[in-house]
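Chain lettering (A, B, C and D) follows the sequence in which the chains are written, and residue indices restart at 1 in each chain.
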Amino acid sequence: MGDERQIIAQRAAHEVKDGMIVNLGIGIPSLVPDYLDSSIRVFFQAENGILGMGPTPAGNADGNLSNAAGLPVTILPGGSYFDSAIAFGMIRRGCVNVSILGALQVSERGDLANWIVPGKRVPGVGGAMELAYGAKNLIALMTHCEKDGRPKILNKCTLPITAFHCVKKIITEMAVFAIHDHAMVLEEIMPGFSLSNIKTHTEADFKLSPQLKETSP
Amino acid sequence: MGDERQIIAQRAAHEVKDGMIVNLGIGIPSLVPDYLDSSIRVFFQAENGILGMGPTPAGNADGNLSNAAGLPVTILPGGSYFDSAIAFGMIRRGCVNVSILGALQVSERGDLANWIVPGKRVPGVGGAMELAYGAKNLIALMTHCEKDGRPKILNKCTLPITAFHCVKKIITEMAVFAIHDHAMVLEEIMPGFSLSNIKTHTEADFKLSPQLKETSP
Amino acid sequence: MSLFNKVTDYETVKSVFFDGMTLLFGGFGGVGTPPGLIDCLIESGATNINLIGNDAGFPWIGMGKFICLERAQSLVASHIGSNPVAGDLMNQGKLKVEFSPQGILIERIRAGGVGLDGFLTQIGMGTNLAYEKPIVKIGDQEFLYEAPITGDVAIVYAKKADTFGNLIFDKTARNTNPYVAMASKVTIVEAEEIVPMGTLNPEEIIVPGIYVKHIVPSQGYNWKWKWEMNDKS
Amino acid sequence: MSLFNKVTDYETVKSVFFDGMTLLFGGFGGVGTPPGLIDCLIESGATNINLIGNDAGFPWIGMGKFICLERAQSLVASHIGSNPVAGDLMNQGKLKVEFSPQGILIERIRAGGVGLDGFLTQIGMGTNLAYEKPIVKIGDQEFLYEAPITGDVAIVYAKKADTFGNLIFDKTARNTNPYVAMASKVTIVEAEEIVPMGTLNPEEIIVPGIYVKHIVPSQGYNWKWKWEMNDKS
């Protein structure tokens, strides 16, 4: 399980290119920076009001310098502090090049469900709706199936929707899907899995990319 | 004419009390600070984005430190700079205790016309609509009549309206009127004028205040 | 209390809180929530409070401490995931929770603070979070109407205040505080440091003192952050 | 041109301007309007421009210089009283002018800049400035709908910029610049001083560099303020 999360984060790191403004959600996305190539220079933005977040401080963390999850961070040269309204202004306005969010379910048309499991968990929506609305490129990270094996990539989400038609890419430990024009395309098979594995564990309809790189188990 | 303006400004200065936040329009209102008692401590606010304006600089004015009319000012200890959106936020929210504006016409219900004389002068509305909307106390200053003798205090304004039912007090060189519940009350007769003078030169209907201080000519 | 000296003590501030009030609070995950004013609110005994703020904090951090006392009747927030007590109270029907998208919530508070009558957005349309919000059609497009938010009282945390109430903040503890400070009838600031007027650089002031009614000195925060307790959690 | 170095020259910037573009400009009575970029716009030859900004400046100050050349086809502003040429062009039908209440105009620009779909207000209702703006009824109350404003290009004046485009402003020359900087596809900044990244205090940055595309060094302003010419006027 921990391993799957690392594999997903490692693959997601390839989506982050030099010079991008990046917003990372909590959960698996928060592991992505560990896998970024050191030659890549990006600015991480967070909803509470910071642009240019640096790594977790080595010691003596400052209670007043944190990311949107409340965890201590640092600030890079050229970074800035601002209020939350401006932070979300950036997000809605499309200033964030890529937003990488955790997901509970994604539909084949790119609908995202990631804020509530009614009757079970009531975390609340946080900034996910705005990120889904504004990000130029929204990538959803999740394990391919529920613990009991039920698929999370569905024809239609069964959980309450965060935003419709917003996910551009899904990365799981089994596969990478792209969603264009409300249709899902399998772009990569992750190491250790086969097309047949993926078909078995995916409810949504999908096509195969002509460039599909099938990695043998 | 210059004298009338000074007389109006001098009378208007009595409306400014210690501890107030004050916004002054261009024209006659800009003369008010000259008549404030030195014991009174107020903060002047301006729409471009300053609170705590001090007097005109003695020399070496700074092109980047001005009031809303573009004239050079200074800043007092405790003053602040902010953007124009916040400046108007303060105004709409009612943070300004008294706003003193020039007027072209005022109706007996407190309608204000002060932004355009169609076909003649097209200055534009500036911030007058917001000041009229938000100020707790809006005082209109103007000469009592047009140069040709036509009244400016009317049953109904003939010029385009800036805002309806907003003026709380009118100060001219002849009189001071209060407007409560859409009705106009003559509160003071200015030195050198009589009630009959005022009746002749005022189209609007008005009542007399029980406390009317009639000053003999 | 004059325009130019608003510094007071917690005892005075206690009497500002009242039963049934709408209370806006600054902070984001407890960061930037005024710890002394939370304790002061608790000690005031005020109850049936309607809370509006970014989140429910943690059970021992920020507004979370107060929420656990079951003296809030409602909460508008973007998430309550970090405070399981809030979720339990919600599920038991003891706390009415309205979830708002985070950026929409702070814009609603700003709209109240700057005297606008609400705004339109497509964020949240068609989802459960649209609640009963009016749908407004402009031309061919439909939008949700988001109403402005104002409060009876606001509590805010600042790094420095001068005696007029001009405020500057500390790093990401700024977050929602500037707009919370603008949006209530009575704004109370807890400041780490209180300085004379004229001490703050007028360019650096984030919230002009015009919005502030009372200022109290902070005695620092009395909680441990979650990341400081990682061994136990 | 990288994310972290946006400094360029006026020659490069000239090619950003195009015929028929919507141009937002910062400034208030010419204060805070970028003088070098106005000259650059003039030299670019671009025409039929749709201008949006606080006012028409003076005939020799701010956007007024450009307006006098009759290459603007429209102007949205709160007043044009300080530029009689603008009034003449309007009366001759050569310049289409839409007047907006000043605080409403900057909020419309902000709404565009922060990605909201407009807002509601009662300011201007029933007056000539309501134009054809939609009236929206919420509950029993009616409001004017004010649409967001965005531009193709924005020109902004800053005191200091770092090479990423983080900006600070000078006193009341800040005015409308922060929101103008946020509301266009391409934002060009003229800065009195350009400094390396890391030089500006992150607390004092007013506009984060994320909004800025090009930065040029200012050569100062080439006009006399009206109050400097008082002898003649």
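Heads up, the rule we're going with is that a contact is a pair of C-beta atoms (placed from the backbone, for glycine too) under 8 Å apart; a residue touches a chain by one contact, two chains touch by 3 or more.
None of these values were measured; they are calculated from a predicted model.
**Student:** Going by the stated contact rule, which chains contact chain B and chain D alike?
**Tutor:** C
**Student:** Which chain's centre, taken as the mean of its Cα atoms, is farthest from the centre of chain A?
**Tutor:** The chain lying farthest from chain A is B.
**Student:** Select, from B-C and A-C, the pair of chains that is joined by more C-beta pairs in contact.
**Tutor:** A-C
**Student:** Distance from the CA centroid of chain C to that of chain D, rounded to the nearest Å?
**Tutor:** For chain C versus chain D, the centre distance works out to 33 Å.
**Student:** Determine the centre-to-centre distance between chain A and chain B, using the mean Cα coordinates as centres, and give it in whole Å.
**Tutor:** Going by mean C-alpha positions, chain A sits 56 Å from chain B.
**Student:** If you average the Cα atoms of chain B and of chain C to get two centres, how far apart are those centres in Å?
**Tutor:** Centre separation, chain B to chain C: 36 Å.
**Student:** Could you state the distance in Å from the CA-based centre of chain A to that of chain C?
**Tutor:** 29
**Student:** Which residue numbers or ranges of chain B touch two or more of the other chains?
**Tutor:** 75, 81-82, 85, 88-89, 91-92, 133
**Student:** Got the chain D residues that touch at least 2 other chains?
**Tutor:** 107, 114, 116, 122, 169-171, 202-203
**Student:** Touching pairs of chains, all of them, please.
**Tutor:** The list of touching pairs comes to A-C, A-D, B-C, B-D, C-D.
**Student:** Okay, in this complex, where on chain C does chain A touch?
**Tutor:** Per the stated touch rule, the residues are 28-32, 54-55, 77-82, 87, 90-91, 97, 99-104, 106-107, 110, 122-124, 126-129, 169-179, 206, 221, 225-228.
**Student:** Mind listing the chain B positions that touch chain D in their complex?
**Tutor:** Per the touch definition, chain B meets chain D at residues 46-50, 61-72, 75, 81-85, 87-89, 91-92, 115-116, 119, 121-130, 133, 160-164.
**Student:** Chain D touches which residues of chain A in the complex?
**Tutor:** Within the complex, chain A touches chain D at residues 19-21, 41, 43, 45, 51-52, 75, 77-82, 85-86, 88-95, 134.
**Student:** Note which residues of chain D are touching chain C in the complex, please.
**Tutor:** Against chain C, chain D makes touches at 107, 111, 114, 116-122, 134, 136, 138, 141, 143, 145, 147, 168-171, 202-204.
**Student:** Under the definition above, what is the set of chain C residues touching chain B in their complex?
**Tutor:** Residues of chain C touching chain B: 2-4, 113-116, 162-164, 166, 182, 197-198, 200, 202-203, 205, 208-211.
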